[in-house]
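Chain nomenclature is as follows: A, B, C and D, assigned in order of appearance, with residue numbering initiated at 1 for each chain independently.
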Amino acid sequence: MKSLDYIAPNSAEAAVALLSENGESACPLAGGTDLVVDLKHAPGDIELLVDVSRIDEFRGIEETEDGLRIGSMVTYGEIMSNPICLEKTPAIVDASHTIGAVQTRNLGTIGGNLVTCVPSADSAPALMVLDAEVTVAGLDGKRRMPIEDFFVGPRKTSLEPYELLVDIWIPKKNLGKPSDFYKFGLRKGQALALVNAAAAIDIKKGKIIDPRIALGAVAPTPIRALKAEALLANEKPTPELIVEASEIAVTECKPIDDFRASLKYRQQLVRTLTRRVLTRSVEIASNR
Amino acid sequence: MLIELRVNGELRSADVPPETTLLKMLREHLDLPGTKLGCDVGDCGTCTVIVDGVSVNSCLLLAGRAKGSEVTTIEGLANSNTLHPLQQKFEEYGALQCGFCGPGMLMSAKNLLDNNPTPTVYEVRDALAGNLCRCTGYTKIIEAVVDVSRDMKAESDA
Amino acid sequence: MVTRTTDIQTEEDQLIPSQESKAPSSQPLSVLGGNPVLYPLELPQSDTRTSTPAVGQRATRPDGRLHGLGQTQYIDDISFPHMLHAKILRSEYPHARIVNIDTSEAEKMPGVIATITGAEVPENTFGPTYQDQPVLAYPIARHLGDGVAAVAATTEQLATEALEKIKVEYEPLTPVFDPLEAIEDDSPKIHGESNIYTSKIIKKGDVEKALKDSPHVFHRQYKTQMVEHVPLEPQATIASWDGNGRVTIWSSLGRITLGREDISRTLAIPQSRIRLIGTIVGGNFGGKNEIRNEPIVALLSKKSRRPVKCVFTRDEEFTSSTIRHPFIMDYTTGVNDEGLILARKIRLVLDGGAYCSWTGTTIGKGSILAPGPYNIENVFVEAYAVYTNKTTTGAMRGFGAPQVCFAYESQMDEIAHKLGIDPLEIRLKNGFSENSLSPTSQTLQSVALKESLNQASDRFGWKEWKA
Amino acid sequence: MKKRGRGMACMWYPIGFTVLANPSAATVKVNTDGTATLLTGTVETGQGALTVLGQIAAETLGLSTDDVHVVSGDTDVTPMDTGAIASRTTYVTGNAIVKAAEKAREILFEAAAPLLNVKPNQLEARDKRIQVLGFPSSSIPISDVVQHSESVVGNPAIGSASYNPPTLAMDPETGQGKPFNTYVYATQIADVEVDDETGEVEILKIVAVHDCGTPINPMLVEGQIQGGISMGVGFALQEEILFEEGRQINPNLTNYIMPTSLDMPELEVGLVDNYDPTGPFGAKGAGEPTAVPTAAAIMNAIYDAVGVRITSLPATAERVMMAILEKQDSEKTAATG
C-alpha cells in the first residue's frame, strides 16, 4: 500500500472539517473492508484517511419514539446480535448475515455498505422495504432523506462534498412489519450477490397493505419494484398474484451481463427471488 | 505513528507508517509471524486475529484503528503449560494439513466458541466460512471444533 | 503524499477519543495466562505415536502441532538482516517481441538495489519436459503472466513502485487463445512450426469395426475449464550467497532435487554450489512442482550482494504459476444390448497455454486413463496438446484424470439410462477385476474397483434408494 | 422447487510417473538409544508425508512412530528424491525407506545373532527389540543391539537405498506397454438437491470409498480424501479461470469461486481392504485420486435430479438453470408440436 496519513477525529464536526480542509486528497474511512482493498489496488489521489468509525454519534442502535436508529458505523456483527433488530427488523439481520464472512461483518459497517453504493449492497433492499431514511451531516449541518434518494448510481451517492452519513432510521410503523430478504450468490459462504431481494407487506382484512419490493444488483442502484408493488396493493395475496408481481418485477430491472452472470439468468433470479420473498412475507403476515 | 496495543496480554508498541495494516505490524514490527498473509484483501482469512473480542481480517484493519485495543493472535492461544483445547483437538483430528490456514482458522474457531460455546454444525460452518482451506475439505476442522464445544459443555454440565 | 504527518500526530492525540476501545463487544478476553508461549512445551505424547506396530496407527503429526501453534516457518516467515524484496514486472501483451527494456529510471530510485532482465539470465530456459519456458521472457513474451524484468529494493512497496519506472518496448505479435484455432495450420505460431507440441496414441483391437458392429453407439463432447490450485501460501523464495560463491535458496518448491538441477542449469553454476531448502509447503497440489522465481531471486541476490526474498501476490499465483489443463473430449462408445462396452474411441485436445510444463505427464495419464476402469477390447485414444497465449497449464492433482473421469463416467450413466440398466450394475458388469487388461494391455493387480463400488453403494444405501 | 438426485462415479489412477524413471533414495540411521533418523529428499506439502514415511521406517525397525525423527527437504543433507508429485511418495519413497531401513536392520541382526545364538535370518525387529522369530522371550532391546554393533562390533546401524517403480516403455504407435507399476481405484456417490428455479446445486452428502492398498495412517488418508473431494466440488460446480483476450479476469479469491466451509457437504469416507505386494507394507497412494471422481458423480446426480446433462464444467447455477429452461422449452415444443 502506498504512503498515506491516518487520523481519527472524535466528532462528526471535526471529521467534516478535516475533509473540507484536505479536499479531494482526503477520504473518510469506515470499516475499511472495501476502501482498504481499493487503496491496495488503485490508491488514486487519496493521501489522508479520516477514520470516522469511532465517532460516538455514528454509533449505537436504539429505539426512540420516531422509530429505530442505527448509527452508520454500526457493524453487521452488532446488528446481528442486537435484540431490537432481531425482533423488529429480521430482514436487516438476514441481509447482514449474508455479507462477507464473520470477519467482514465484524469490521464492515452498514453506513460503509451504503456509502460504497455498489448495486449489490446487501443491506440496501432490506432497508428500502422498511422505508428507511438516512441522516447526513455536512458543513451546513444535518439533513435527512429517504434511502432511495441516497443512491444515485454505481458507487455514487447523493452525498455532497464533505458530507458524512450519520445514521439510518426505520420509521416506527415499520418495526415488526412482515418482511423477508433473500440473496443469491455464486456460493454459500462469502458471496457477492448476483441478485438480492427484499419484501415487506402488511395484511389487513385479507388484503395486502403497503407492499414493498426492493431488488439489488439488477440496475445501476438498488431499486424498488414500484409497478409490482402497485399490482399487489389492496389485493388478496394469492400465489397467482405473487407470480404476476414477480414477472412485473423482472420488467422493472435492468441487469447487466457480465462474467458473473448473464442478463437472462439475472432476470430468472429476479423472478424466483421476488416470488420467494413475497411468499414468505405473506406467510409471516398471515400467521400473525 | 506510534501504535500502542495489548497483544496476547502484553503491552506492545511500534512506530509504523500510517498505512500499515495490523497484519503487517504484527508480522514485521512485533515479531509475530504466526498470523499469515494469503491474499491481502480479506478473502482468505489466513490473517484472522481477535481484536477487542471480535475476529477481523488484520489485512484490512489499519494499525491506527487498533490503537489501544486488545489483540489476540495465534501466538497467544496456548500458554506455556497447555495447548488451547482447540489446538489439542486440531492435532488429535489431524485437522490441519499444510497448516497455512491454521492460525486464522483457529482464531475464527476461538471467536465462535467465545461467543457461542454450543454451536450447531451449521453455526460452525458459518463461523469458518471466512477462512479458506484448500487441503482438508474443512471436514476434520469442523469435527474438531464440534468436539471442543462438546467437551466444554460436558465440563460446564459437570 | 501528505507531508504533515507530524502535525497530524499532535492533532491526533487530541482527537482520538481515548485509549479505551470503542469496538463493539465488551466481552472480556479469554486469553490464558503465561503468554507469550515459551518453548519447549512439556506435553504428553499420544498413544498413536508411541505404540508399535507403527503402520496402521492414526499417528498425529508433529508438524501439525506446530501449525496449530503458529510456529511453522513458511518462507515468508523467514527474514535476514539487510534482506531485500523482489517484485517482477509482467508482460503487457499476451504475445509480443520485446524490443528493448530500460531499467535505468528504476535503478535511480533510492532504495532500489538491483534490477534484472531475461537477457542477463545465463541460460534462460527451463521446464520438466521441454526447456521451453524462460526465467524472464526475452525476446518473446508468450502470455501475460510472463515476467519481463525484476527489481530488488529495500521494501516491497519500493520494489512495486520501481516496476512502474521500467520502460519496455514491445512489438505486439498476433496471439491465439482458442486451442482449436491454435491447432489449425494457419494459426499464429507460439513456439516453432506447429502449436501441437505433444501427442499420444493408445490403440488396442479394431475400434472402427467394433463401433460399426455395435448395436448402440453413443457420442458426446465434454469440456472442462481452467482451474487454479489455490495453495493458501503463495509461492515464495529467498536466496542468499556466501563468500565461497555458494547460494542457499529457501523455496516453497515440492521437488528440491530436480529443482536444484534446474537452478544449476539456468544460473550456469555447479550443483555443488547450490543448497536448496524446501521448507514446509503451504499447499502444493502440483502448482509448486517446478522452479519459478528461484533463478530470478538468486540472480538479484548475486547482483545486490544481499539476501533477497520474493513472495507472489495472490494475483501472480493465478497468472504466473501453472494451472489445470482444460480438455475438449470427444467420446464415442459402442455397447451391446446388455450394456457391455465393445469399443471406445476418444479424442482429447488439451489447452496447454504458453509453455509445456508438465503436459507430458498430463497427456500421458489423461490418454491411458481416458477409457475408464473398464474391460474394453477395442480402444482408440488420440490426444493433442496445443500451445495458446494463455496461462501455462501444468501439474495439478490428477494430471488429466479428473477431466477424463468426468467424460467417461458421464457417458457411462448416459448409456445406463438409455439401456435401462442401473448405474451400479453397468459399472460392475464392465469394471476391471484382478488380472484385467488395461488399455495399454498391462495386466492389472491389486484391483479393488468392484470392492469400492460395492462398499460405496452399501454405505450410501444405493440399492435401497433405487428400490 | 428442490429436486433430489443421486449419482455415482468410479475411477482408476496410477502411482508414479508415466514410464519415466522417478526414483527416491533414503537413508536411515539408528541411534544408540534405539531412536532413529530418516533422511528423505521429499518435502512436506501438507499431506502428512513425513509422518507416513516415519511410520514406514519405524515399522521396518520395530520402533514406534515417535522414535523416528524425519529430516527432509535440504539438498545439502538429504538424498535424491523425485519429490512430492504423482501420488508417489508413500509408494516410491516408502519403498526406498523400507529398503534403507532393512539395510540398517540387517546390521543389527548381524550384531544380535551371536548374542542370541541364532543366524541373522532367524531374527525380527518388533516392539523395540530384536528377537528370535516368534520368540519374544528371546530378545534384546534395540538400543542395546545398536550400542553393541557400534562400540563392540564397530558397525554403526545405517542404511541407504533407493527405489524406482519398474515400468515398460509404451509402443510409440499403439501406446501398448506397462506405464505404471500399480494403480488405485475408487468410487464416490453424491446426493444432491437442485433448485429448479435458480439452478443452484446443493450437495447434501458424498460417500467416498477409496483403495490405497494398506493405509499406513488411516487418519491422514481420510484427510486426503476429504480434501480431494473439496477440490472436486470446486471443479464440478464453481471454479473457472475466465479470460478476456488472454487476460485473466478473475485472478483473485473474490471472483474465483472455491468452496468455503458452507459449500462442503457431509462426507462419509471408507477404505477398501486391499494389499499391494509391491508397496511398502502393501501401501499404494492416496493424494491425487481423491479429487478424480467427484465432479462426475455430481454431474450424474444432477441428471438424476432434473434430467439435464451438463457436458461442460463447471456446472454453475446459471449453466444448470439454462439447461433446465432449454429442456422445459423443448418439452413444451414437443407437447404442442
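For this structure, a couple of remarks:
What we mean here is this: a contact is a pair of C-beta atoms (placed from the backbone, for glycine too) under 8 Å apart; a residue touches a chain by one contact, two chains touch by 3 or more.
All values reported here derive from a predicted model rather than from experimental measurement.
Of all chains displayed, C has the C-alpha centre closest to the centre of the whole protein C-alpha set.
The interface holding more C-beta pairs in contact, when B-D is weighed against C-D, is C-D. With each centre defined as the average position of its C-alpha atoms, the distance from chain A to chain B rounds to 29 Å. One inter-chain figure worth recording: chain C and chain D are separated by 17 Å, centre to centre, where each centre is the mean of the chain's CA atoms.
For the pair chain A and chain D, the distance between C-alpha centroids works out to 48 Å.
Of all residues in chain B, those that touch two or more other chains are 1, 18, 39-41, 43-44, 54, 67, 94, 97-99, 125-126, 129-135. Among the residues of chain C, those in touch with two or more other chains are 5, 12, 16, 24, 58, 60-61, 63-64, 230, 280-285, 314.
Among all residues of chain A, those that touch two or more other chains are 1-5, 8, 53-54, 77, 101, 106, 188-190. Those residues of chain A lying in contact with chain D across their complex are 101, 184, 186-190, 192, 259-262, 264-265, 268-269, 271-272. Contact residues on chain C toward chain D in their complex (touch as defined above): 45, 48-64, 94-95, 143-144, 175, 177, 200-204, 220-228, 230, 253-260, 271, 274-286, 288-289, 314-315, 318-319, 323, 360-361, 364-365, 367-369, 372-373, 381, 389-391, 395, 397-399, 401-402, 405-406, 408-410, 412-414, 417, 423-424, 427, 431-432, 438-442, 444-449, 451-453, 455-457, 459-460, 462, 465.
Here chain D touches chain A in the complex through residues 197-200, 238, 242, 249-250, 254-255, 257, 259-263, 316-318, 321-322, 325, going by the rule given at the top. Of all the residues in chain C, the ones that touch chain B in their complex are 5, 9, 12, 16, 18-21, 23-38, 41-43, 46, 58, 60-61, 63-74, 76-77, 229-234, 280-285, 311, 313-314. Interface of chain D with chain C (complex): residues 6-14, 17-19, 41, 43-46, 48, 50-51, 54-56, 58-59, 62-66, 72-76, 78, 80-86, 126-128, 170, 172-180, 182-189, 191, 207-211, 213-220, 228, 231-232, 234-235, 239-241, 243, 245-248, 251-253, 256, 258, 268, 270, 272-278, 281, 284, 287-289, 291-297, 299-300, 303, 309, 311-314.
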